[in-house]
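As written, the chain order gives the labels A, B and C, with residue 1 at the start of each chain.
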Amino acid sequence: MKDTIMPLRDQRVTLAHGGGGKAMRDLIESVFTSVFNPPGMEDQARLMDARLQEPGARLAFTTDSFVVTPVEFPGGDIGKIAVCGTVNDLAVGGAKPLWLSASFIIEEGCEVALLRRLVASMAREAAKAGVRIVTGDTKVVNRGACDTVYITTAGVGVIPPGRDLDARSIRPGDVAIVNHVLGDHGAAILAARGDLMLSTDLESDCQSLGHLMEALIAAAPGTKAARDATRGGLASTLNEMAEAAGCSVELDEIALPLRPEVKGVCEILGLDPLYLANEGTLVVFVPEAEAQAALAAMRAMPEGQGACIIGRAVPKAHVPVTLRTAFGGTRIVDMLVGEQLPRIC
Amino acid sequence: MRYVEEFRDPKAAKILIAAIARVADQIGATREKPVHIMEICGGHTHAIFRYGLDKLVHEGIEFIHGPGCPVCVLPMSRVDDCVTIAERPGVIFTTFGDAMRVPGTRKSLIQAKAEGADIRMVYSPLDALELARRNPGREVVFFGLGFETTTPSTALSIQQAAREGLTNFSVFCNHITVPEPIKALLDDPHMVLDGFVGPGHVSMVIGVHPYDFIAKDYGKPIVVAGFEPIDLLQSVLMVLEQIRDGKAEVQNQYARVVPEHGNPISLAAIADVYERRPRFAWRGLGEIDASGLRIREKYLAWDAETKFGIGYAASPDDEPEGCECAAVMTGRMKPTACPQFGRGCKPETPLGALMVSSEGACAAYWTYGGSRVAAE
Amino acid sequence: MCLGIPGQIVAITDEARQMAMADVSGVRREVSLAPVALGPLEDLVGEWVLIHVGFAMAVIDAHEAAETLEALRGLGEAQETLEQMAEGAKALEDQ
C-alpha cells in the first residue's frame, strides 16, 4: 500500500511540512519512515512478542524528552541520546527493551540534512540496542519556538518472570559499581556549547546499556537495583537510591573514575564532577559476594570496560550519601540544588 | 610537576595533621578553649569542607569563616541595580555564574533572565569584550565583581576596550578589597580571632605587605596560603607555630604563586582604571571605609554606573529579619547556631549572605555537612 | 574566593592582544597573558601559570614549589625521628 517515496527537494523544514498535507507526508516518508521502516503505516503500532506471553512477565513502559544544545556534539547527537536514554531507562529497571516511539518537534528552518543525520543516528543506535522504532509523530513550530529540534521517545520492554530490580532491596554491605568514567557527557556538552570557549577531546559517553544489564544480571543474579546517572549526575542518582533503600551510601573518593580532562573542565569552571550528567553510565548495587562476578561480566563488554567499585551501602545515617576523601575526611554529597553554574570563586 | 596532585598527597597531609596536633597540644588548645583561626577567603572555606579538613585537624582548632566571598557580601541593592541595567532594552548583561542566583530585593538575575532580560553567563570579562565586538548595536555590560584577584581582569578589559575604541562595552564595578574588612573585623570588640590564613590569590596580585598591619598593629599572625589541602594544613601549622612562639608575622606559604610585592602589571592596571570609593556596603558587615572601587574619570565611557545613571547608595535595611550573618562572619556564632540555618535559610532559598554562594560559610556547612555529619 | 588553577602555556595565539592557548589537564582555553607579560611573550610558552577568569595572573615558580614540598619532606623525617624516639622511650619504660 506504500506509495513510491518521492525524494524531498526542500533543504529546510517549513511550516508547510507540519500542515498535515502532502508536504508533511513527503517529509515523514522521505526522512523518517523510509529509515525507521515501521511495521505498517497505521497511526498505531500493532506488536507481538512471545516474551510478553510468558506467565509472570511484566510490561515496562517509559518516556523521556530530549533537549540538547548543540544537537550534534562529540560522541553523539540528540537522536542517539533519544534512543539511548529511553533504552537505558528500561534496561536499568531490568527490562529487555523492545520498541520505541519517536516524536519530533521541529523548528521552522531546521535543515533537512540535519534531520536525516539524526534519524540515521537513531536507526543505528536502535539496531545496536536491539529495539525497533515502531511509531512516531512530527510537528513543526515557528522559528524561535523551539531550538532546532526536540525529540520525545517512549519505550516498551518486557521484564522476564521473577526479575525484580528495586532500590528498596538494597542492604548495608551491598557494593556500588559504575560501568564507565563519570561526567564525560556533561563536560563534553559544556565544551561543545562553545560559549565558555573551552576545547577538549572529550566525547559524550552516550550509549545503550541494555546488553550490559543482561550480562550483569546473568553473572550477578542477586543484583539489587541500577539507575543511569543522567541529569544531576551520580550524586543525585545515589541520593534517590539511598532514600528509596532506607540506608546510606558511602563513596570512596579515590575510587571514583574520572578522566583528567573532566577534572580539568571542573577545575576551570568550579564544578563538581559528581553532578555532571552522564548518558551511558549506570550505577548498580550488587551483593558483595557477587561483586567480582559482576565486575568481570561488565568489563567483558565494551560498555562496561571501565567498571569499578565506587562505594557501598551502609546502615542509614543522618544523610543519604557521604564521600570519604583521600585523607580519610568525610563530606556530604547532597542532591544538586538548581543547576550547576560555572563559578569564579 | 602539575602543581595540583603534589599538594593533595594524603601522606603529606597525615604528617601535617600530626604536626598540627603536636603544636596545638603545646599551646594547650582544647575543644573547650580552642584556637580561633580565620580563613579569610571563601575558596579556603570551600576547600576546608570539600576535603573535610575541619574534622581532621586537632579538636582545639576552630576555623572561623571570613568575609572573603564577594558574592556573599554583595548588598542586595546592587543586585537590584544589575537587574535594572539588564532589563534595559538593547542591553546584553554578562556575569560570572556565581552571581546568577544571588537574591536582590525584587529578584535574582536568573529570575530576570526568565522574564526576558538578555543575561549571559561568561567565564571571563574577555568573553564579554568579544560579545561587544560581535554585537556593535547592543550595549554589553559586564558585572565586575570580586576582590583584588579579579579586579585586574576587568581593569585590563577596560583598557583593551579603550584601545580598541569599543564604546558599547561597560563594567558595572562592584570590586572590593580585602585588607579593609579585616581591619574592621579586628576593630570589632567581640573579635575572638587568634590568627589568620591569608587569601592566596588576592595576594598574588597585591603581595604580602598589605597585611603588615595585622601583625604589627594588632599582634596577630597571618600566613598567606594556597588552595590545595596540603597548602591549607601547612599554613594552619605555620599560624600555630607563630602563636606557640609568641610571634606575629606575615608569612607566605604560597610562594610558588605569591610574590612578596604582588604583580606589578596587575597593580598598575588597577591603579590606572580604578579609584577608591569613600565607603562601600558589605552584606553582614555594613559600610566599610575605602573598601570598594569605582572607575576613574578618564574611563567613565566604560563605566556602567555613569552610562545608566546608577549611583551608589548605602542600604542599611538590606539584611533580612533574623539573619545572623554578621555574627557568623565575625566568629561570634557558628552557622548552625543561627536560628534561620536550615529553616528559613537554605541554599535553594538563601536568606542571608553566607548561604548565597557555595563559598559562603553557611552554604559550605550545609553542602558539605559541618553540622549534619558532626551530629552523627 | 577566587578560583585559580594551574595551566601550561602551549602557544601564543594573538601577539597583539597578548593572547595564548593554555592547557589544563588536556582542556584548552585561550587566556590573556597581559598580567605576566614582563618580557617577550614567546618566553612564556611552556611555563605554568595560575589562571583566573581567563587571565594568566602569575607564573608559577617551580623552585618555590619544590621548596614547599621539600619542607614537608623534612617535617615527615623529623616526625619519623620523633616517633622512633617515642617508641624507644616506651621500650625503655617497658623493660
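Side notes on the structure shown:
Methods note: a contact is a pair of C-beta atoms (placed from the backbone, for glycine too) under 8 Å apart; a residue touches a chain by one contact, two chains touch by 3 or more.
The chain lineup, named per UniProt: B = Hydrogenase maturation factor; C = Hydrogenase maturation factor HypC.
Bear in mind the structure is a predicted one, so any value in this text is a computation, not a measurement.
Among the chains in view, B has its Cα centre nearest the centre of the complete protein Cα set.
In terms of C-beta pairs in contact, the better-connected of the chain pairs A-C and B-C is B-C. Distance from chain C peaks, on a Cα-centroid basis, for A. Chain centres here are Cα means. That of chain A falls 39 Å from that of chain C.
Once the centre of each chain is set as its mean CA position, chain B and chain C turn out to be 22 Å apart. Residues of chain C in contact with two or more other chains: 1-3, 5, 25, 29, 52-53. Annotation for chain B: residues touching 2 or more other chains are 4, 42-43, 69-70, 96, 123, 127, 146, 150, 359.
Touching of two or more other chains is recorded for residues 196-197, 267-268, 343-345 of chain A. Of all residues in chain A, those touching chain C in their complex are 191, 196-201, 260-261, 263-265, 267-268, 270, 343-345. Contacts from chain C toward chain A in the complex involve residues 1-3, 5, 24-30, 51-53.
Residues of chain A touching chain B in their complex: 195-197, 267-269, 317-319, 322, 325-332, 334, 337-338, 341-345. If you check the complex, the residues on chain B that touch chain A are 4, 8, 10, 13-14, 17, 42-43, 49-53, 55-56, 69-71, 96-98, 100-101, 120-123, 127, 146, 150, 229, 347-348, 357-359, 366-369, 372-373, 375-376.
Here chain C touches chain B in the complex through residues 1-6, 17, 25, 29, 32, 34-38, 48, 50, 52-55, 57-58, 60-62, 64-69, 71-72, 75-76, 79, going by the rule given at the top.
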